[in-house]
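So, here's a batch of structures to check.
One chain, subunit A, appears in both complexes that follow, with subunit B as partner in the first and subunit C in the second.
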Partner chain A sequence: MSMNDLQWLTWVRGTGFNIAVGIFLLGVVWRLIEVYTLGRKPDLAAPRHVPGASGWHTIVRRSLPPPGMLARSPVSYIGGYVFHVGLAIVVFFFAQHILLVKQLTGLSWPGLPSQLINLTAVVTMVAMLAVLVDRIRQPVKRFLSTFEDWFTWALTFLPLVTGWMATQHLLLPYTRMLALHILTVELLLVFLPFTKLFHAFALIGSRWYNGDTNGRKGVPV
Partner chain B sequence: MKGPLIDSLVQQGVSRRSFLKYCATLASMMALPPAAGPAMAAAIAAAATRRPPVIWLSFQECTGCTESLTRSHSPTIETMIFDMISLDYHHTLQAASGEAAERARLESMQANFGKYLLIVDGSIPTANTAYSTIAGISNYDMLMETAKGAAAVIAVGSCAAFGGIPHANPNPTGAKSVGDLITDKPVMNIPGCPPIPVVIAGVLAHFLTFGSLPELDDKGRPKAFYGETIHDRCYRRPFYDQGKFAKTFDDEGARRGWCLFELGCKGPVTHNACATTKWNGGTSWPVESGHGCLGCSEPDFWDAGGFYKALSMPVRPATAAAAAAGVGAVAGLAVSVANRAKKSAAIRTHQPTTLEDLEK
Partner chain C sequence: MSASLEKGIHALKEVIDAPIASYFASCVHCGLCAEACLFYTETGDPKYTPIHKLEPLRRVYEQEYTLLGRVKKLLGVSKPVTDDELAEWQELVYNSCTLCARCSAVCPVGNDIVYMVRKLREGMAVSGHAPHGIDEAVTRTVTTGSPMGIKLPAVQAQMKHVEANTGLAVPMDVEGAEYMVIMSSMEIINFPEYLESVARILHQAGKTWTLCSTAFEATNGGIQLGNSDLAGLIVQRIVDGAERLKVKTVISPECGHAYTALRWEGPNLIGRPFTFAVKHIVEVLDEFRAQGLIKTEGFETDKLTFHDPCQLARRGGVIRQQRNLLGSVAKNFVEMPDAGFMNWCCGGGGGVTAIEEAEALRLEAFKRKKQQIEAVQPDRLVTACAVCRSTLEEGLEHYNMAIPVVGLTEMIASHLVETRPVANKEPQA
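Moving on, here comes the complex of A and B:
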């Protein structure tokens, strides 16, 4: 007998989940160790300000658009902010997601009402579609885009759209859509450590490093 | 409307009026037009004179399905099924035993070939057919033999419909559902552990009235009763939407009747009519009594990851995670050592370029 919806859901909640979390942790630990043990020669130049200050400053500064850029590339900045903040809200403040974290780690925090999460999910999807259209329409962005850019966009978008459709009972029966949602999250987990999505872990460290290096080269930050 | 059925109901204290009301309820539950209620009543009353033959086979089961039907809230009404049909064979209910019982089945099969209704509860062992036998006949042989002349087959309960608990991992008896084995005849599934009595009564009344099975979903279940999920019809649904969940069975949320999702309710993935028909004469149903839905009318509900685990929780702890992180650490260190070795090798073999080299 082929797998029915509930059996499929049970598989993605069990074996599939274990495989995905396993690959995710393996990849994250591997890449973090690899990156942080690369080793750099000590920079003997005196920092422009307090040692490390440029690093910390860069972490914050690079989250803000440089002067004039917001007007030149509004979709990238506004769309980017909206979808990152939206994703964070949907991923970390949906009660069902918190429950998952609680079971795995014992940590929990209050969730937000489902309607608010639904609204946020819709706004996030709209923002993601906007940045995708922008990437397709702008010749320079399109030229700079590689397979990885399209692929990671899809990896991020799929869990969002399937999760939203599951809670809204759209297109497919809830059981199948929920299974599909969890499966797409598992795909995201599997590929995250090995694609540019690893910025979720590498972002802060690399910004600090760049800022600190620049601070020792006289670049005013 | 008169007839032996009405007389017998009246004798048992059920008025003609409540019989008609019951038929109207059945018809409306199956979303049939209003005229279907009286038609159903007439058909059931007529059937009581004709009494279409039914053979009820019980295989790997617990008799809970029969109990559900015979001990339902208004036994005289739902058990009128036994007045309107000629139940020619049913282990639990028949007086005859042994040879006489089997003879009754064979005689009914011969006399009503092609016309009788076959009802099955319980799954069928196939790993070794000797695991469950009746009068020396294996369940498999009896099912196949009896199904040959059946007009339609109804699998009552999750065991007959999907294999149920006998089919649960590791399925030692190789239990199979009726639908797994009978493929050349209409098989209707009425899953549930046990199924709701009124659902059994409703589909039988439908069969008697229209001579056909009602519309079925992709799992062979009558859509009228299994078309929506428990969650869709749950009176606690607003709390789910507001994100108000009971965290334990006796906390403030539980007392206020908040959603039981976090306590493992399988309502969102379970198709059944409990939330609308309720149990015990409309007294209550599992969620109303404070316990989440187990999902008993879905295939393999027994192996769906634990009754008290929320649907968004992993089925088991990610035990391999620590090992995977360890492997990742080793891989990271190995790559790191290799990188450093490459760097030292590059430093070792580095040849400085001199002015003379450039002038060569």
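Moving on, here comes the complex of A and C:
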């Protein structure tokens, strides 16, 4: 272990981390203000009330594929579920991550066995590769894709692969790989508010607006 | 920048609200909206992906309403929206979009894509990039009263015809009637059986009703064109008529967009709530059925299926009613795959039938409907929208499918237990 690696690790854990979290938090707040303070005009049409037709229902309902859609695009749905759920498990239930949150906030919850986290990380990476191949192969996805789509895919994949390699002691010395892992997480945090990754926050508002607009017509969407 | 383009961009800036900003901020380019759009599924051309149709609106949003976009604009690295681009987009925003809203029903992040297409059309129309066919139809509605140039004498001629056929009085401008009936041009010209059916049904239900000499036309191309000012003028005409005659309810005819325009957009277009209710004829018929106000006899025995007009079902929330009604007069009713909320559009809505140059694409997109129809092989097709009906008839003829299309109101009327025709009761003023 060279001093360089240790210094680097210290920086990404300290100053780097603070900068990244700062940009992330300010960015998210800024984007939320930028989007939602635009407001909207009140709907003057007499509403029709139907059970299950509201913004809140749509926030939940849109997590499931609408009728017929799973068969039309199985990779999007299955790959999408696996990688989102997998990512959430790895991020929030890996013991070291929980420890970090505890140090920062005092909050703590039980983690999952590292073997299970390891397996989940591998499955998640496979799912992410599958959706990447799908993006390259499917004419519509390829047509829609811009630099941002490939860039954000990499931003999401890198923390996963470096974190997994660090725990498996692959390719690089642990300290260097861990520093790299933290650095890639920081890049993800910095870019999240300003790229399509912001859907992690905005989709709640979008589903609510769609559900509310159509819910007022008595249509559960 | 040309003056018209400037107006167009200004209009786009005006329509962008928090929902639109949220939708663009949420899109992950998954392309699932394409799988819900019949113009993509039937052509396989990715340019018909619904979210792509919004690209000019997205860029105006990014350049005007996001910090990063404004910085990019300042540095001169963002791509401005041009007249050439909007001209190219006409096919995507109008010809290949019926405002059917299947895309809005499937988007996993919840984007109401059709809401945005409707708004983008505001900028397209004002910058002179709307198709002539729709533009002319709206101009005719504003100047003559109807998109097909139909004037009051044509309606009066039909009233006489119905009176002669049924022995019932067809009231016009009767103050204090419970219902005011409006029609689509298509019903006045091509489907005269609608007025006759409505007259017979309302007579049997014992309801007072009236036509209105200053507001007989229901269709509103203004919302298809994307011109809220003109759409508002057309709505105002109906509101003025209904308020002058002090009716309780205006019955929107078998026309999908007329219903959306009046029922949902109407109060927003004129800037105040209505003093009367707006109901689609199918809603009214089902109420009468449930209240036992109309008695039917006999059943259709051939195999029937129902085509849900998008604006009535997915965009209007009327799905159960037509099935209740069919259940009361049909023995052999079969649902098409995806019927109801997720029904596939006929391909003619949103003004598409008014665009001559869109005909080939529309017939190509009709293959989706054809497939749905072939899955159940009905003897007849029932629907409740005059535009769907003529689009279906054209499509079926084009693909050599001999399946007649009938309106639901007409079908219900044909099963009425006939009472002796008497003059329509005069309402108490």
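In the analysis below, the second predicted complex is superposed on the first by the 209 of 221 C-alpha atoms of A that agree within 3 Å, B and C clash if a C-alpha of one lies under 4 Å from a C-alpha of the other, contacts with A are read in each partner's own complex, and residues count from 1 in each chain.
The definition used in the following text is that a contact is a pair of C-beta atoms (placed from the backbone, for glycine too) under 8 Å apart; a residue touches a chain by one contact, two chains touch by 3 or more.
Computed from a prediction, not measured in an experiment: that's the story for all the values here.
Aligning the shared subunit A places subunit B and subunit C next to each other free of steric conflict.
Contact with subunit C, but none with subunit B, is seen for A:203 once the two complexes are overlaid on the shared chain. Judged by the touch definition given at the top, the superposed model places A:112 against subunit B, while subunit C stays out of reach.
Residue contacts after overlaying the shared chain place A:34 against subunit B and subunit C alike.
With both structures placed on the common chain, the touch criterion links A:175 to subunit B but leaves subunit C unconnected.
Between the C-alpha centres of subunit B and subunit C, as viewed from that of subunit A, the superposed structures give an angle of 170°, to the nearest 10. Legend: residue contacts after superposition of the two complexes on their common chain; A:13 is shown touching subunit B, with no touch to subunit C.
Greater residue coverage of subunit A by touch, when subunit B is weighed against subunit C, goes to C.
In the superposition on chain A, A:67 makes contact with subunit C only, while subunit B stays out of contact range.
Taking every C-alpha atom of subunit B against every C-alpha atom of subunit C, the smallest gap after superposition is 7 Å.
Overlap of the subunit B and subunit C interfaces on subunit A comprises residues 30-31, 34, 37-39. Only residues 30-31, 34-41, 43-46, 48, 50, 53, 58-59, 62-63, 65-69, 72-73, 76, 80, 138-146, 149, 194, 196, 198-199, 202-203, 205-211, 213-214, 217-219, 221 of subunit A touch subunit C when the two sit together in their complex. On the subunit C side of its complex with subunit A, the touching residues are 16-23, 25-32, 34-36, 40, 44, 46-47, 49, 51-52, 65-68, 104-112, 115, 263-268, 271-274, 277, 314-317, 338, 341-342.
Contact residues of subunit B toward subunit A in the complex are 180, 219, 229, 231-232, 240-243, 245, 261-262, 268-269, 295, 298-301, 303-305, 309-321, 323-325, 327-329, 331-333, 335-336, 339-340, 343.
By the touch rule above, subunit A contacts subunit B in their complex via residues 1, 4-7, 9-10, 13-14, 17-19, 21-34, 37-39, 95-97, 99-100, 103-104, 111-115, 169, 174-175, 178.
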